[in-house]
Amino acid sequence: MSAQTDHFIKPDSAEPVEGLGALSAYIRDYLGRVRGGELGSIPAMVGLIVITVVFAVVHQGFLSAYNIEALVIQAAPIILMAMGLVFVLLLGEIDLSAGTTGGLCSAIMAVLMIRHGFPWWLGLLIGLGVGVLIGLGIGWLRARVGVPSFVITLATFLAFQGVTLILIGGQGAVTLPADSPIIKLENSFVPLWLGWVLWALFVIGYAAVKVNDALGRERSGLSRPPFTVIAAKVVVLAALGAAFTYEMGINRNLSANAFFNNKAEGMPWVVVLLVILFAGWHFILSRTSYGRHLYAVGGNEEASRRAGIVVSRIRISVFAICSGMAAVSGVVAASLLQSVQSNAGAGNTLLLAVGAAVIGGTSLFGGHGRVIDAVLGGLVVAVIINGMSDLIQGANSAGYEWVVTGAVLLLAAGFDAVVRRARAS
Amino acid sequence: MTTQPTLELRGVDKSFGPVHVLSSVNLTALSGEVTALVGDNGAGKSTLIKCIGGIHRIDAGELVFDGTPHVVTGPRDAAQLGVEIVYQDLALADNLDIVQNMFLGREKVTGLHTLDENSMEKLARQALTTLSVRTVRSVRQQVASLSGGQRQTVAIAKSVLWQSKIVILDEPTAALGVAQTEQVLDLVRRLAEHGVAVILVSHNMNDVMKVADSIGVLFLGRMAAQVRREDVTQTQVVELITAGRSGDLGLSREESTGAAI
Amino acid sequence: AGLVACGNTKTSSAGGAPPANTKVGILLPDTASSPRWVAADPNELKAQCADNKLTCFIDNANGSATTQQSQAQALINAGIGVLLVVNLDSGSGKAIEALAQQHNVVTIDYDRLTSGGTASYYVSYDNVKVGEDQGTALTQAPQVKDKSAVNYVEIDGAPTDNNATQFAQGYNSVLSKQPGWKKLADQTGNWDAATAQTVFTTMLGQHPDINAVMVANDTMAQSVINVLKSQGLAGKVAVSGQDSTAGGLDNVMVGTQAFTIYKPVAGEADVAIKLAGQILAGQKPTAPTTVKDPTTGREVPAYLADPTVITKANVAKPVTDGYVTAAAVCPTPALVQLCAANGIKTP
Amino acid sequence: MSAQTDHFIKPDSAEPVEGLGALSAYIRDYLGRVRGGELGSIPAMVGLIVITVVFAVVHQGFLSAYNIEALVIQAAPIILMAMGLVFVLLLGEIDLSAGTTGGLCSAIMAVLMIRHGFPWWLGLLIGLGVGVLIGLGIGWLRARVGVPSFVITLATFLAFQGVTLILIGGQGAVTLPADSPIIKLENSFVPLWLGWVLWALFVIGYAAVKVNDALGRERSGLSRPPFTVIAAKVVVLAALGAAFTYEMGINRNLSANAFFNNKAEGMPWVVVLLVILFAGWHFILSRTSYGRHLYAVGGNEEASRRAGIVVSRIRISVFAICSGMAAVSGVVAASLLQSVQSNAGAGNTLLLAVGAAVIGGTSLFGGHGRVIDAVLGGLVVAVIINGMSDLIQGANSAGYEWVVTGAVLLLAAGFDAVVRRARAS
Amino acid sequence: MTTQPTLELRGVDKSFGPVHVLSSVNLTALSGEVTALVGDNGAGKSTLIKCIGGIHRIDAGELVFDGTPHVVTGPRDAAQLGVEIVYQDLALADNLDIVQNMFLGREKVTGLHTLDENSMEKLARQALTTLSVRTVRSVRQQVASLSGGQRQTVAIAKSVLWQSKIVILDEPTAALGVAQTEQVLDLVRRLAEHGVAVILVSHNMNDVMKVADSIGVLFLGRMAAQVRREDVTQTQVVELITAGRSGDLGLSREESTGAAI
C-alpha cells in the first residue's frame, strides 16, 4: 500500500538534494509560494526600504552613522513593546495598557532606585516583576472572568497613568543618576572588538542552526533545502550584520573640535538586548509546543480546546508576556530619556507599537504573526518618526508634521497592502 | 452480557436553555466492538458525543468508564480517560498545516523541549498513507487549503495516532470518496479487533450494518433502543430512526408521538 | 445652605455679615504642561484655604476640556460661591465662566487669562514676561555671553497650549532682536520629554554647531541635555528652562542648564485665595492693575506677580522657600555634595 | 406531508394567543432564552443601575435635576460617537480616528462660521459633509486597497490632529458666539409643554409600531406576542419617559438669589437629537436589507459574498456612517464646550466611545451589536466620568481619579461579564 | 446531441500559486437533466464549482451559458446568469437565524423598503417542510445552534426558493439522514423535470446511479470522461474515479499515471 500512496504524497527525497537542479527547484517552489500568498516579511521589508530611500533623499544626513544610531535607540522601545504585543495579537486580543504599564514599571524602578536607595538591579527586577504580575492580572480577568480585553486594558490604561502620576508626584519626572547601568543600555556602546565578536557569534549560531535543521531532516529521510540556499542566507545575513557593525564603528562625535575627546563609537548595548530577546521569543514561537499552541488558539480556539490545550492558561500567559515586555520597553525608554516622566507611556505610545506589529504583518484577528514583524514594523515606525522630526520648520510645524506623519504611515501601509494583494492575481 | 462495558451512559440529560436535546439517554459500548449510533438529523447524536468528550456538561445522569462514574469537565478529562473523538464539525486550526494539526496538544519534543518536527512529519505521513489519501500534495500544506474529504481524512488520521481505549467517530465518512470510505471502515474494524471500544455515528445504513456489532438508535433525544446487529434488519433500524419504534422494539406509542421533548 | 464660618476671619469687615458660603472651587488644567499642578499648587492652595477658613474643592482636568467642564458643573452643583479657573484654552474656559455666571458664581482666572471670558479677576504671572525673561537670561548664559555670533535652536511647548504661544512670543521678541543670534531651527516638543528628545537629536544631527538651545521648560531641557551629553557637549551649549523642577535645579547646579524660571506658587495662590475669601464675605476688592482682554478689549482687574530667574547663583531659593524639597533636589550622594556646595542643606 | 412535518416545526399559532396562559408562556419563553444566553441589554442595564446607585450614595446631589441634566449633555457626544462606532464594529473593523475626525469637522465648522462668516447652517453642513467624505475615504482604502483599518485610522488619527491644529492655530481654541444655534443644542432647553408633547408622540409611536407588528404577524398566521406584553412594555417606557421629562421640568438654577432670573428648565435639545438618531439607526439596522447585510458581513463575510452582497460597498458605507456620526458628535461636543479646541477629539475620546459600545454589548469581532448598546454603554461611561469628577480632592487628585475611574470601569465591565457568564450554568 | 447545453465548460484551468488543481476541464449540463459530477477526494470538484459560481477566477478556458461565453467575476454575476449553488462548506452566517440566512441578499421588502419578515418567515417554513426537516424547533433559531444535517437542509432549502436555470449541489446529502436524503434526491429529480439543469456532486454511487442522466468523472483535476448514465455500470464509474480510466473510457494510460499535474 505504501508503494501506491507514496506516489501521491510525494516523498520529497525524490527531488535532487544538492546542486543547480535542486537550487532552481527550491527557488521555483519559493516563488510559487510567494505567488500563492505566503509573503512573509516581504511587504514590510519593501516598505521599510522605500521610506528609508525617500528620507535619505529629502533629509540630508539621514543615513549618517549619527542618525542610524539615533534611529536604533529610538526604535528600541517601540520594537520591544511591539514584540510583546505580537503575543496578545496572536490570540486576537489587545492590550491598550501596554504603554502605561511600561511607564508604571519604569516609574516603580526609578522611584525605588532614587528615592528608596534600592540597588539598580533590584529596582529593575521589581519593575519587571510588577509588569509580569500586571499581565497575569489582566489575563486572569480576561480568561477567567470573561471581560473583553479591550475594556480591561482601557481601564488599566487609565488607572496606570494615575498610579505613575502619583508615584512620580509633583516633580514631573524622576531623573536617573548619570552613572546608572540602566542609562548605559541606550547611551553606552559595545567596544568595537566585542561588537565584531558578537557579530561572528551571531552568524555562526545562525548557520549552525540552519545546517543542523537540514541535516536532521535528511537523517529522517525528509526533503531539505539545498546547502547553496542555506549558504546564501548566511552570507546575506552576515553582510548585513557586518555593514551595521561597521557603520556603528564610525566615530559619531559631531563636533570636530570637541575638547573632551570622548568618542561615540560602537553599537549601543540595547542592540544586544534586542537580538537576544528577538532570538528567544522567535525560538519560543517557532520551536516549542507552547508557541504552537499560541497559533492554534489564535486560529481556532474551539479546536485547540478540544485538542486538550488549556486555553485559559495560554491566554493568561500572553498577557503576562506582553506586560513583561512592556516593562522592558518602559525601562529602555527610561534609559533613553535618562528619566521617567509622570506621563510615561501615555499618549500614542501604544497605538504606534500596535501599528508597528500590524505593519510588520501581524493580524489583529489572531493566528498570524511573528516576532520579526515587530522588528520590521517597529523600524518602519521609527524611521517615519525620526525622518519627520525637524523636517518642517516654523509655527504650526507640529500640525504639518502630524499630517505628514499620518500620510507617510498610510503610504507605507498602503504599499504593504498593495504588495500583499499583488499575489491575488 | 457479563463483560464490563468500557463506556456506559446512564440517564444522560442535556438542554440548551429552553431546548431539551437529550432525555435520559442510556448507551453502552464494549471493548472490541463497534457500537453504531444512528438517528435522524437533529436527534441529538453529536450533542451526546460532545457530552462524552467534555465539550458540553451534562445536566443529569452519569458517564461510567470501566465501571467507575466520572465527571468529565473538559476535553482534557476525556483524553485522560482514553477517549479519542473525531467531531462532525472537524475542529482543525485553519492557520496550521496538516502535521501541526495532527499533533496539536500532543506535540513530540526532543530532549531540549524543542519540537521534534521531523519525527512528527514522518508519523503524519504514515498515518495519512494508511487512509488512502492520494491528492494531498504535502503534509506541510495549511489545512485551510484542503478539500472537504481531505480535511476529514486529516481529522480521522489524527485520532488513530494515539493508543485510546475508546474511539468515537461522528459521521467520519460523510465527505469521503468510495476508496477512502472503505479504508475508514476497515480501520474501524481493525481498531475494534485491537480491543478498542469504537462508537460510530453514521447515516449510511449499509455501512452501519456492515461494521456494527451493536446499534443504538436516538429518536428526538431519547434512546429508542440499543440492539445487537444480528437481531435486526436494516428496515427495522430505519423504522426505529424515523418513527422511534418498530414492532415491539423502541419507544412506546405515547413517547414516540408525544410533542417534542 | 453653606457652612457658617467661624467669626473672626481676616476678611470679615466690621459690620459685615459672616460669609454665608465658604466653598471655593478650583479647576486645575492638567499634569503635563507643568509639574506644579500636581503638588505645588494643590498643596499651597489647600494650606491657604485652611488659613482663610474656606472649604476648597480642587480638581485637575487631566488635560481634557470636557472633563474640566464636567468638574465645573459638579462644583456648581456642590454649591460653591467662587471658582478659580486655570483654563485649558480660552474657549472652554469661557464656557465654564458663562456657566458659573448663570449660577451666580464669581470666577477668577488663575494663572491663565481666559480671553473673551467673564472672570471678575485675573491672578497670574505674566506669561509673555516669563518668555521675555527666558530670552534675556539665555543671552546672559556664560557659554554665549561674550560671543558675537550665536547659533540657536528653539524647542517650544505644546502647540495646543496658548501659554506656550505666549512664552514663545516673549522669548522670540528678545532673541530675534539680539545682534548676532541666528535661529537654525524651530520645533515643538509638545511639553513631552520623548518628543523633545527625538526632535533635538535630529536638530543636532543637522546642525552640529549649535551654541544655545531655547527650550521652553525643564522637562524638555532634560532631554536636550541627554542628547548633548551623548555628544560630549553638555555644559558647552547654553540651555534654557522653566518651572524650577528638581531635575532642572540639578542641571543648573551641574552647569548643563543655564537657568530656570522660578514662579513661586505662593505668589499666585495666596493672593487668589485671599481674594476668594473677600468675595465670599461680600466685598468687592479693587485690584492693583488691569490686563486687557485681547478679544473683547475688557480691562480685567488683575493681580500680577513677577517671576524670578534662577541661575547657579540663587539656585537654593526655591528650596529655601519650600517650593521643592531638598530631598527631591538632592537624591543621590553626588548631588548631596553639589547641593551643599550651592547652599542647599539636605536633612 | 405538511401535516406530518408541521408537527415538528411547530406552527406557533398552536399556543394560545391572548390571556394569562399566553402571557406566562411568553415569559417562560423569554426566561428560557435569557438562560440560553440571549441576554440583550440586561448586563449593561444592570451595570448602569448598580453604578448609578453607588454614586447616588457616595456623591451627594448625584441625582439632582441639575446633575441629571449635566450627565445627559456630557453623555451625548460619547453616545453619538459610539452609535457610529457600532456600525464599524459590526463588521469587525475599528476606527481609531473617529475622535479626531469629530474634532476636525467641528473645527472646520467653527472656523468657517467665525473666521469666514459662513452662516451657521452652511458651516454645519460642510462640517458634516467633510465627516462623511472622510469616512468614504477610509472605507475606500480599507475595502479597495486592502489596508487594515487599524493602520489607516491610526494614520488619520495622527493626521487629523495635525489638520485641526493648523486650522485652529496657536490660540488653542475657537470660541463659538454665545447666540449661535450650535450652542443651543446642549445649552438650551425644550419648552415644558413641548417636552410633554414630544413624550406623548414618542410613546404613541412606539405603541403603534409594536401593535402594527403584532397584527401583521397575526395576519400572516404567525405567532405574535400577547397584547398584555406589548401593553406592559409601552407602560414601562412611558413611565420612564415621563419621569425623565418631569425631572427635566424642575428649575435647575441652584442659587436662590440669582440676579439674572434665568430659569434652567426643560430637557436639553440634544435629547431630541439623540432620540431621533437612535430611532433612525435602529430602524436601519433592524428593518432594512442594508442592516441585515451588515450583520451578515460581520458574521460571515464569505457567505455574504456568495449570497451576492457587495461586501466592499457595505464596508465603505459603515466607515462613512461612523465618520459622519463622529462629525455629529464633534459638533455636539463643540456645543457643550461652546468652543472648539485645537486638540479636539484627541486623547481618550475614541477609546471611551469604543469602550461604551463594548460595555453595551457590541462585539469587537463583528456580527453582534445594536444601537441601544451605544446608548446604554455611553451612559455607563458618562455616569462614571460625571460621578468621578470632583470625588477626590487634594494633591494628586488627578492621579487618584484616574485610578478610580479605571477601577470603576473595570467593575462595571466585570459585572457585565459575570452577568453574561451566569447564563452558562 | 443537438440541444444547446445550458452550461458548458471548455478547457477550464485553475491553479492556486504553484498547485495546479484543474487542467482543461470540459463539462456540459443540459436543461432538464441531472448531471452528476464525481471524483476522488481532492479531485477538484468543489474547485470547479467555485469557478462556475465566481468564487474563483479561472486561469484559462471558457464558461458558456446558453451558448454565450461569459466572464464570471463574482457570485453576483453567477446569480444573474441564473446559477444557484449549494456549496460543500455551506456558507451560512452563524449569527443570523434560519429565515435571515435563507433570504440573505434577496430579502423581501414591503413598499416602504422595510423588510417583509412575515412573508419571508412563511416561505422559509414552507421550503423546510418540503425537505422533511423534523427537529428544527423554530425557523427563528440561529443557525449556529443547528445540527450538521439541519444546516445542510437550510442551505439546500435556500437554493430552491428561487427560479434558477442551473442548480448546483455540492455533496448535498453528505450529512443527511435516510429520509432527508430521499427528499433531496426527489427534489433533484423534480427540479430537472421543471427544466432546470442540475449538477450534483456526490460520493454516493447508489444515489448517482439513481438520479443522474449524465456523469462527469474528475480524476486529479482532469475530466476523465463525461458519459451517459445508461452507457455505464457502477463498477465502471468507480474505476474511472479511482484509476482515471476503465476499458477504453477515460484518460490514456500515460495521462492517468503521470505524476500529479
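The first chain written gets the first letter, and so on, giving A, B, C, D and E; residue counts start at 1 in each chain.
Simple rule for what comes next: a residue touches a chain if its C-beta (ideal position, glycine included) is under 8 Å from a C-beta of that chain, and two chains touch if they have at least 3 such contacts.
Keep in mind it's a predicted model, so treat the numbers as computed, not measured.
For the copy pair chain A and chain D, the superposing rotation over Cα atoms measures out at 180 degrees to the nearest 5.
The chain pair with more C-beta contacts between its two chains, of B-D and A-C, is A-C.
The geometric centre of chain A is 38 Å away from that of chain D, both derived from CA atoms. Centre-to-centre separation between chain C and chain D, using Cα means, comes to 39 Å.
Each chain gets a centre from the mean of its Cα atoms; for chain C and chain E, those two points are 76 Å apart.
Chain A and chain E have CA centres that are 47 Å apart. The set of chain D residues that touch two or more partner chains comprises 8, 10, 165, 170, 348, 395-396, 398-399, 401-402. In chain B, 16, 19, 133-137, 260 are the positions where the chain touches two or more neighbouring chains simultaneously. Looking at chain C, residues 31, 38-39, 43, 159 sit in touch with two or more other chains. Chains touching one another form the pairs A-B, A-C, A-D, A-E, B-D, B-E, C-D, D-E. Considering their complex, residues 53, 55, 74-76, 79, 85, 87, 91-96, 100, 104-107, 109, 113-115, 118-119, 121-122, 125, 128-130, 132-139 of chain B touch chain A.
Here chain A touches chain C in the complex through residues 60-61, 64, 66-67, 70, 74, 114-115, 165, 169-173, 175, 177-178, 187, 253-255, 258, 260, 262, 264, 333, 336-339, 341-343, 347, 385-386, 389-390, 393-399, going by the rule given at the top.
The touching residues of chain C, when paired with chain A in their complex, are 31-32, 34-36, 38-40, 43, 159, 185-188, 190, 192-194, 197-199, 201-206, 208-209, 218-219, 222-223, 226, 229-233, 243, 245-247, 250, 324, 327-328, 331-332, 334. Those residues of chain E that touch chain A in the shared complex are 16-19, 260.
Against chain D, in their complex, chain A makes its touches with residues 92, 94, 96, 141, 145-148, 150-152, 154-166, 169-170, 348, 351-352, 354-355, 358-359, 364-365, 395-396, 398-407, 409-410, 413-414, 416-418, 420-421.
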